[in-house]
Amino acid sequence: MKPGTRLRSSFLATDSAVRKDSRGVPFLSLKLVDRTGSVDALMWRLPDELLKGLPSPVYVDIEGQTHEYRGTLQVKVERLKILRQEDVSEEDYLPTTEKDRLALAEEILLAGRGFENEHLRDLFDSMVSDDDFWEAFCEAPAAKGMHHARIGGLLEHSVSCLKIASALAEVYPVDRDLMLFGAIFHDVGKVRELAWSGGGFSYTTEGRLLGHVVLGERIVASYVAALPGFPEELALRISHVLLSHQGEIEYGSPERPKTLEALLVHLVDNLDARAAMYLESTANVGPGGWSHHDNPLGRALYVPEE
Amino acid sequence: MKPGTRLRSSFLATDSAVRKDSRGVPFLSLKLVDRTGSVDALMWRLPDELLKGLPSPVYVDIEGQTHEYRGTLQVKVERLKILRQEDVSEEDYLPTTEKDRLALAEEILLAGRGFENEHLRDLFDSMVSDDDFWEAFCEAPAAKGMHHARIGGLLEHSVSCLKIASALAEVYPVDRDLMLFGAIFHDVGKVRELAWSGGGFSYTTEGRLLGHVVLGERIVASYVAALPGFPEELALRISHVLLSHQGEIEYGSPERPKTLEALLVHLVDNLDARAAMYLESTANVGPGGWSHHDNPLGRALYVPEE
Amino acid sequence: MKPGTRLRSSFLATDSAVRKDSRGVPFLSLKLVDRTGSVDALMWRLPDELLKGLPSPVYVDIEGQTHEYRGTLQVKVERLKILRQEDVSEEDYLPTTEKDRLALAEEILLAGRGFENEHLRDLFDSMVSDDDFWEAFCEAPAAKGMHHARIGGLLEHSVSCLKIASALAEVYPVDRDLMLFGAIFHDVGKVRELAWSGGGFSYTTEGRLLGHVVLGERIVASYVAALPGFPEELALRISHVLLSHQGEIEYGSPERPKTLEALLVHLVDNLDARAAMYLESTANVGPGGWSHHDNPLGRALYVPEE
Amino acid sequence: MKPGTRLRSSFLATDSAVRKDSRGVPFLSLKLVDRTGSVDALMWRLPDELLKGLPSPVYVDIEGQTHEYRGTLQVKVERLKILRQEDVSEEDYLPTTEKDRLALAEEILLAGRGFENEHLRDLFDSMVSDDDFWEAFCEAPAAKGMHHARIGGLLEHSVSCLKIASALAEVYPVDRDLMLFGAIFHDVGKVRELAWSGGGFSYTTEGRLLGHVVLGERIVASYVAALPGFPEELALRISHVLLSHQGEIEYGSPERPKTLEALLVHLVDNLDARAAMYLESTANVGPGGWSHHDNPLGRALYVPEE
Amino acid sequence: MKPGTRLRSSFLATDSAVRKDSRGVPFLSLKLVDRTGSVDALMWRLPDELLKGLPSPVYVDIEGQTHEYRGTLQVKVERLKILRQEDVSEEDYLPTTEKDRLALAEEILLAGRGFENEHLRDLFDSMVSDDDFWEAFCEAPAAKGMHHARIGGLLEHSVSCLKIASALAEVYPVDRDLMLFGAIFHDVGKVRELAWSGGGFSYTTEGRLLGHVVLGERIVASYVAALPGFPEELALRISHVLLSHQGEIEYGSPERPKTLEALLVHLVDNLDARAAMYLESTANVGPGGWSHHDNPLGRALYVPEE
Amino acid sequence: MKPGTRLRSSFLATDSAVRKDSRGVPFLSLKLVDRTGSVDALMWRLPDELLKGLPSPVYVDIEGQTHEYRGTLQVKVERLKILRQEDVSEEDYLPTTEKDRLALAEEILLAGRGFENEHLRDLFDSMVSDDDFWEAFCEAPAAKGMHHARIGGLLEHSVSCLKIASALAEVYPVDRDLMLFGAIFHDVGKVRELAWSGGGFSYTTEGRLLGHVVLGERIVASYVAALPGFPEELALRISHVLLSHQGEIEYGSPERPKTLEALLVHLVDNLDARAAMYLESTANVGPGGWSHHDNPLGRALYVPEE
């Protein structure tokens, strides 16, 4: 969306409230969410039935115009109709990656099938051949909020980490296959920590009691256990990469990274997460503008003038 | 040992150094260690071969007298002979619990066999019937230093936790069997995190890469997996107790305690650990005396006058 | 209260607001408080005079039905009448322990009268014989919020600590009488830090300027000063238990515990406080449900399925 | 002492060690302490009886020359004779303020006798008229290390705080008498927390169990209790100034400053302590030089070129 | 304003909301802001057009009466008229120092012109002779919130720091001119970090990207660069004072204070800031009353009874 | 060096001490340093002149054999001769990068000359054309300890950061030229913070008073100032990248990264620093071995078995 375009579409409306402007005129402020993200919106000349505001959240059909306010894109709503829940399909309003999930998955498959270490290649194959697992991996969000909180977000994050890890393998004397495996699957526990059906993202009971760090190590360990003759030392190094990927004990890793591969997987994970926080927090901010303070990086972020 | 007793015995001598007293006379200061603990010692009138000090650590045979100095027990050594390593049996000098290990183990067996929940009783039985595991559990130290760092220390710590947990089960509306199971086995990962053969306590490679929290949960989960029909919810609650027993994420638990049993097991573990730190740090301090600052509690500790 | 029971009673209504459901229908959400605790409530089909909500807080008479929503008990209100303040007696709506305060007090008296140390027994007697003090002690809440924030809460907390301390006296080589005295009276400063008349719990000016830690030590020291021949060393050890019971300097103790009794009193205080936080935060949560995040333990808490 | 002066005097020698220079020649390095402070020293051409070093600490008579090394003053020792403990008087070697203690005490007496508030003036009088107390106050060190760790150090620190507080009373709308009283006596608990007889500074048992914050408030409260008709509100404000003067709970104050007088007394105490840390850590550093890192401010400190 | 005075004036009304009292009667609660500060206000008997509240913020003309409620001054509004933005001049409602700015500036000019060090005197002259700079310095707020957030606030803060620094120069062996220069100009970067036109205080883009610490050092360094023959060592010491004045790295100083002047400038800055926080947070609190918790000092503050 | 090779060379010997083995036989333990790094060494059968140890540090000529002990490479010294300082050239013993500095510099020149932004290209040209600056940049260590503490270390670190940043420019929508410029020059302040002549690495007075963060920004800003017409917005963004590259305020950046380029430069700097800490701390550790705990990462590091 750019400033000055005409908009007619349906959204999930959240955070709605009726306020008054400096002349005392009431207006409706709300957030419009769909698969592609969210945008702030305002509506003046409220019909009587909207004077007391909207139930929140609710599905709406709106007509309006985009414009820019203090460097951030907004929608000026002209008409608004409430939709009945039975007339919408909830998954149309779940934030979803804009990238091609098949193409992303292909990048991972290509990398894994190219491993030189046959044990890691077998392990990788057994995982991506398990349809239930692989489908979940390609669909899961990478988080409930924070960054990559969208259908396909885990896949996106994993592919970015894979790309950066591939570059690092040219710079440092590292076990390339193990590092790439870790870059791809460090967050695999998210497929069981999070649930993404039913109109939103939430934590599972298992996720809250065990956490994605341990769940991820368990998932991979179960595929390893099914491969006879898998080297013990390699299994230990894989488990270490998965358990230590939060980098510090106070961020939820029971041990800190003690091998070069574990250290680099952690640093790559952190780098991509923070870059995504910047990009997602400034998504609607125009050149020379500043984001809100209240984002996962905890500071106002600047989008330079071009 | 009390002040004023005659001593003739062999020890492992550590931390030795030759210093001079305020009149300029050289003396040897050292620490004497055996199965029962350690004590500071001093020797004056050094024969020529001791003027340059002792190799450290070394096994020695000594003769002397105990006395009290600034509230702390010391040994005044009169004769000292270096022993050859081949003439001693190293395990005689490994700190070892002074309690009766069979009696301690019996207390645990009694508690476990009295579980009302048949699944927990079966799980307990399958663990204590595994001779290799049970022998290791009864022999392991509870730590490399800090507290209960002695052969049988894990057993001692587990029994104390069991006793306190039994009392708490009378005070709070808790799942008694699960809490007792957690009190007994929360630190079970120590049997693989630590090694105690070869003349000392050390970390294993597996222990340093995965940590006792995850290793303990893995051990119990493997016994659970071998019991057909074990309830999933119960297995999840057991895993949660084990993973969360450090209490806070920054102390190495990937999740904090979120059930009452997990919370209480953590608090009991912490209570017994701190009580042991006090008792071990003041072991040689007499009435009205103060321990050194440099102990696991990080402060000088007071032994009141009687 | 269980799901599915009929309710007709008066309460203090707090946190009320008019919201709309997903079909746009307005409803009233509120919290109902009385001596026994609090419960969330909802009311649909609002009469006109409630469409703009309730003043808050206000005393109300309600009629309705209990049910369970996402694992937590709620009240569905059918009729609601506002009461005039002059028609209610405020103390009927102050949260109050459900336990028998006389029986709790008797447990403490029994323990204190059984002290073997005559000085501690005399000190105890002089305190419980001071009617103004003893009445205040049996009535005071243990906190303004957090845990045991109810009439009789200090008594409840002190009795739980006494029970646990009695069990610990069987496990550790401790001065039993001093530890029990500390378990009973460590929080005694609350009787001057907090005020509980006038329809709620609040801090006194003295409480905010000096704090319950110092006020408690002062109270006990004044009884000690009135007992001729009280041993100085014992008085010092009592003061240390009281001043150090927060356990760490950053939690408000000017010195950390340096005797075994002080250390254990702190740990018991902490244990009972945290157990109470769990129990109070999950009071209305059913099997398999989760509490809110926003409680004194700072995390969602799980009530296992049975 | 300036570089290039001849020195012949007796000292307490501490921290001595025999090292070798870059040509392999052995030399003795030591620290020379007397009432006026301490200085680093070196001795080459060691007589045989010094080749194995000095007992430490020991009293010595030395002859030598001062010089500057990397911006810091040192002594090059030429002759060194060990003194027998019975031939020295220990207090001659206790660090002692170089200022005139009588004059310092006079500044305090002048200020206190000028209080306009008669209750504070009476309280002040009762304290300084108590000879035992006042003598101890004028003799005590302000700390065991850190800053003002010398006989008369508490007096020096109190006078500096008094001067600064007097200036602040011109800038802020404050209760002048109360602030000056607090500036003078905030650290009064040191007279019971520390002991300074017997050749050094040490903590008392009472000091370690209760701490100088509470001990100081107790001392003043006992003088208040002896004054009939002393206003309760004023007594409370005095106690608050004393208890809160560490400024933050994590520095040992059970409550943080909540009145303007308490806030300013804390800030003045902190300011003078830090200034003293700078001055004491750079005492022997010449223009353009840097102190060691290892001082109470935790960083190398610069003495500018003139 | 004192309780019981009649009020008729115009204000900026902020934080307005319609609530109900305990009898269910609606009232308007708001905050009234003008150049002299702000005060809480309430209005009952609302005319129809106010039943839905006020747009916020809005300029209003009010008539009412002051009174005291729980120790804090409030305004009871009787009449309220909304003003049109074009009828008010925004700067009349920007908080502004109540002190005489010319007199404050004169104190600084007097101090700077009295410097004995000719280089510092020249530097000072070149700065105050730069009309654009000097005007901005005399107008700027010292902060966006926290303390001295008013037109002329930087000047006020600088003069208080100057006064205290002058007193310290009598107590410590310090380079007086450099310390006074630092006391005056340590916060000079605020003139570029903050903007104060357009009806409020805000951060500039430059301020958010570089911060006032670095901007201030840059400003002074640019005047230094224009003075031929300015001593390098002095320039370095000035830069150090400016860069280190936050005192600790975690408060935004890239290096901590390492000279005595830098240390004292930091401590004086901190002292005046905290005193101002106390005074501004208790501005409307009467004797024996407590401020809100929610202020820059993070605790309720007490105004003693007289 | 590999285990089992014969060694005959000269080194700087540091950390030497005479100890005794478990049979009481004295041996010399020391560290051998030259341009390529350092290695631990031991010598038995000490000639008389070595029985009292070595002056430390001292230049030596040694003959010996390499071997492996607990997974770490050591040297067993057979002959050792002390060299006179005048016979060695100190720079031969300063740790120096093993990489080809000309080739590294060429990589940077290639990148900078390829900038599409002409202003950044001009800025880059003006910097690398300044021979004094460019020579210092190619020679400086990147730190005094921690990582890349060797001649050419800054160059090595900058080239690694450049490589990684180039890869990131393919992944994120970033201003490529600015990010590469920042990757190359973020640590440029090290050329003035550190001194590396005179036989070792040390901090300059300017470095300790202003720090490398501010010094680096000053260096680049001075080249910018010399380029007429350089865009202000770009200059501001460059300064922000340099000032914020420590990432967090508590690590010495006066502001945190608020643009994507600044964020990524910080993350790349951190990533390469940590990877270097791993590699340098495990330089002498063989397969399956563990490093010491005491390294910049603060944990024992594992070198996997092959």
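Should a chain be cited, it is by its letter among A, B, C, D, E and F, assigned in written order, with residues numbered from 1 in that chain.
The rule is short, and it goes like this: a contact is a pair of C-beta atoms (placed from the backbone, for glycine too) under 8 Å apart; a residue touches a chain by one contact, two chains touch by 3 or more.
Just so it is clear, the model here is predicted, and its values are computed rather than measured.
> Tell me which chains count as touching both chain C and chain E.
Output, common partners of chain C and chain E: A, D.
> Pick same or different for copies chain D and chain F, depending on whether their interface residues overlap by over half.
Chain D and chain F contact each other through largely non-matching residue numbers.
> Quick one: chain C and chain F, Cα centre-to-centre, how many Å?
58
> Can you compute the centre-to-centre distance for chain A and chain F, using the mean CA position of each chain? Integer Å is fine.
Averaging C-alpha atoms per chain gives centres 37 Å apart.
> Using mean C-alpha positions as chain centres, tell me how far chain B is from chain F in Å, no decimals.
42
> So which stretches of chain F touch two or more other chains?
Chain F, residues with two or more chain partners: 205, 208-209, 237, 258-259, 300, 302.
> Go through the chains and record each pair that touches.
Per the contact definition above, the touching pairs are A-B, A-C, A-E, A-F, B-C, B-D, B-F, C-D, C-E, D-E, D-F, E-F.
> Considering the complex alone, what residue numbers of chain F touch chain D?
By the definition above, chain F touches chain D via 52-58, 82, 85, 205, 208-209.
> Going by the contact rule set out above, which residues of chain E touch chain D in the complex?
Interface residues on the chain E side: 160, 163-164, 167-168, 170-173, 175, 233, 237, 256, 258-260, 263-264, 267-268, 270-271, 274-275, 278-279, 299-305.
> Give every residue of chain B touching chain D within the complex, in rising order.
These residues of chain B touch chain D: 19-26, 288, 290, 300, 302.
> Which residues, counting only chain A, touch chain B once they are in their complex?
205-206, 208-211, 213-214, 217, 236-237, 239-240, 243, 249-255, 258-259
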